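Before I ask anything, here is the structure I am working with.
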Amino acid sequence: MDNVREMLENSPGAIPVDADLVAKCVEACFDCEQSCVACADACVGEKNQNELVACIRLDLACADLCAATGRIISRELAGDPGMAPNALRACAEACRICAEECERHAPHMDHCRICAEACRRCEEACQSLLSALG
Amino acid sequence: MDNVREMLENSPGAIPVDADLVAKCVEACFDCEQSCVACADACVGEKNQNELVACIRLDLACADLCAATGRIISRELAGDPGMAPNALRACAEACRICAEECERHAPHMDHCRICAEACRRCEEACQSLLSALG
Amino acid sequence: MDNVREMLENSPGAIPVDADLVAKCVEACFDCEQSCVACADACVGEKNQNELVACIRLDLACADLCAATGRIISRELAGDPGMAPNALRACAEACRICAEECERHAPHMDHCRICAEACRRCEEACQSLLSALG
Amino acid sequence: MDNVREMLENSPGAIPVDADLVAKCVEACFDCEQSCVACADACVGEKNQNELVACIRLDLACADLCAATGRIISRELAGDPGMAPNALRACAEACRICAEECERHAPHMDHCRICAEACRRCEEACQSLLSALG
């Protein structure tokens, strides 16, 4: 996602924090959404699908919150009365919950391992941006 | 949205709380998403658009979190390790923030008044379901 | 979704077709999105989940296109250079494809029957609005 | 989005076309969604917002169809009864419509130029995948 940083720098509003933190978090959110959608679909296609019911549900929920958060922090953050921190807190928590489930399956399913890593990166990026926003 | 309750009752999982609370909250989330999308669009079309910049942004952010939450609580709640409460908290807070902005414009713009009402109903429905989930 | 019609009538733009057709289609899109999300989740929770893989995937795809279309037609239609018809065609086709799959399971699974009905209503509402937009 | 290709290769299903075409198109969809959300927000913050009303609306519509399509083609394509081509056609058309509007503003607004480029890349990626799917 090469455009994120460039869009940020060419938008009329001020960026109230380090632009790299914002760009990294936007990218992590969309990346995690995509990984979660793909992991849920891969789980649905596995033969032991019955053991992956919780994983499918948490993947889909995490994808939904990452999608919302990726969009919200793509908009101007200066002057925000609290919407971005609110979304970031929920997204970080969703990523933590989903990562914990995917990590249980990671040793024997690579899509869960890759997805868990994307969740952990997104959790961390949300926490970093949250701290910076104060 | 007549189907919400019927889908709930015909799904294989147990419903851990009063099904009416779940159905009402699902409906309130999708309703609020639609009102926020329409209100943002109406604001964009107003002549005093420049005074509505914050309203447009908060409408779009609220729509995104309502969309995510409406989907998340449409899935099985029994056995959920915390995803639904996490989404409901963020959604209630998003609705509160958006309602406060829309209420400022409500006296002279009906789309903001209608949207503020949808936000307050959704905030309340999220809080009620959150309390019931414990 | 009582607000759809009221929001339409209180937006600054002209409505280029019968407002009832628009409101009905917006409602059908969000309704079908919700039914598809819930049906996919119910299928995931069924014991014969392995026979429902295609149904889960088509439900999720249909939900995604209904969500996009419900938002797109919630915005001003006057002056649209073709975005709404483009979305409506894709949504009607998604609903038809999903309905055909759900109808196969409808005789023995009520969530698929309810979902198929929501898909058919949405397909029809999209076709009606498409015809009216010309 | 480094994970797209790796998720594809570690999913249980067969990939019916060149995996690079799929990965490139998934990335282009999420990239275009993000650019459109950010461009709409930048337009809302511009002083000549009144001249950008169509651009804001088309950006938001294009973002919605890119989001849906990015998710749909992140799922297994083998055995798909037509959902992916249906979404890809609508997405390519949405990107074309949005690009044409953004290109009008591109000479004097960099966010519109960057967004138009993302739309054209996504249009092309959707057309390429569509051709490959046959």
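Lettered A, B, C and D in written order, each chain numbered from 1.
Here, a contact is a pair of C-beta atoms (placed from the backbone, for glycine too) under 8 Å apart; a residue touches a chain by one contact, two chains touch by 3 or more.
This one's a predicted model, so the numbers in the text were calculated from it and none came from an experiment.
When each chain is reduced to the average of its Cα atoms, D sits farthest from chain B.
Chain pair A-B has a twin interface among B-C, B-D or C-D; that twin, with over half of the contact pairs alike by residue number, is C-D. Across the two interfaces under comparison, A-C and A-D, the one joined by more C-beta contacts turns out to be A-D. A separation of 19 Å divides the Cα centre of chain A from that of chain D. Rounded to a whole number, the gap between the C-alpha centres of chain A and chain C is 27 angstrom. Residues of chain C in contact with two or more other chains: 41, 45, 47, 57, 60, 67, 71, 75-76. Of all the residues in chain D, the ones that touch chain A in their complex are 1-4, 6-8, 10-13, 26-27, 30-31, 33-35, 37-39, 41-42, 45-47, 63, 67, 70-71, 74-76, 109-111, 114-115, 118. Within the complex formed with chain A, the chain B residues making contact are 54, 57-58, 60-62, 64-65, 67-69, 71-72, 75-76, 79-84, 86-87, 89-90, 93-94, 97-98, 100-101. Here chain A touches chain C in the complex through residues 41, 44-45, 47, 49-50, 53, 56-57, 60, going by the rule given at the top.
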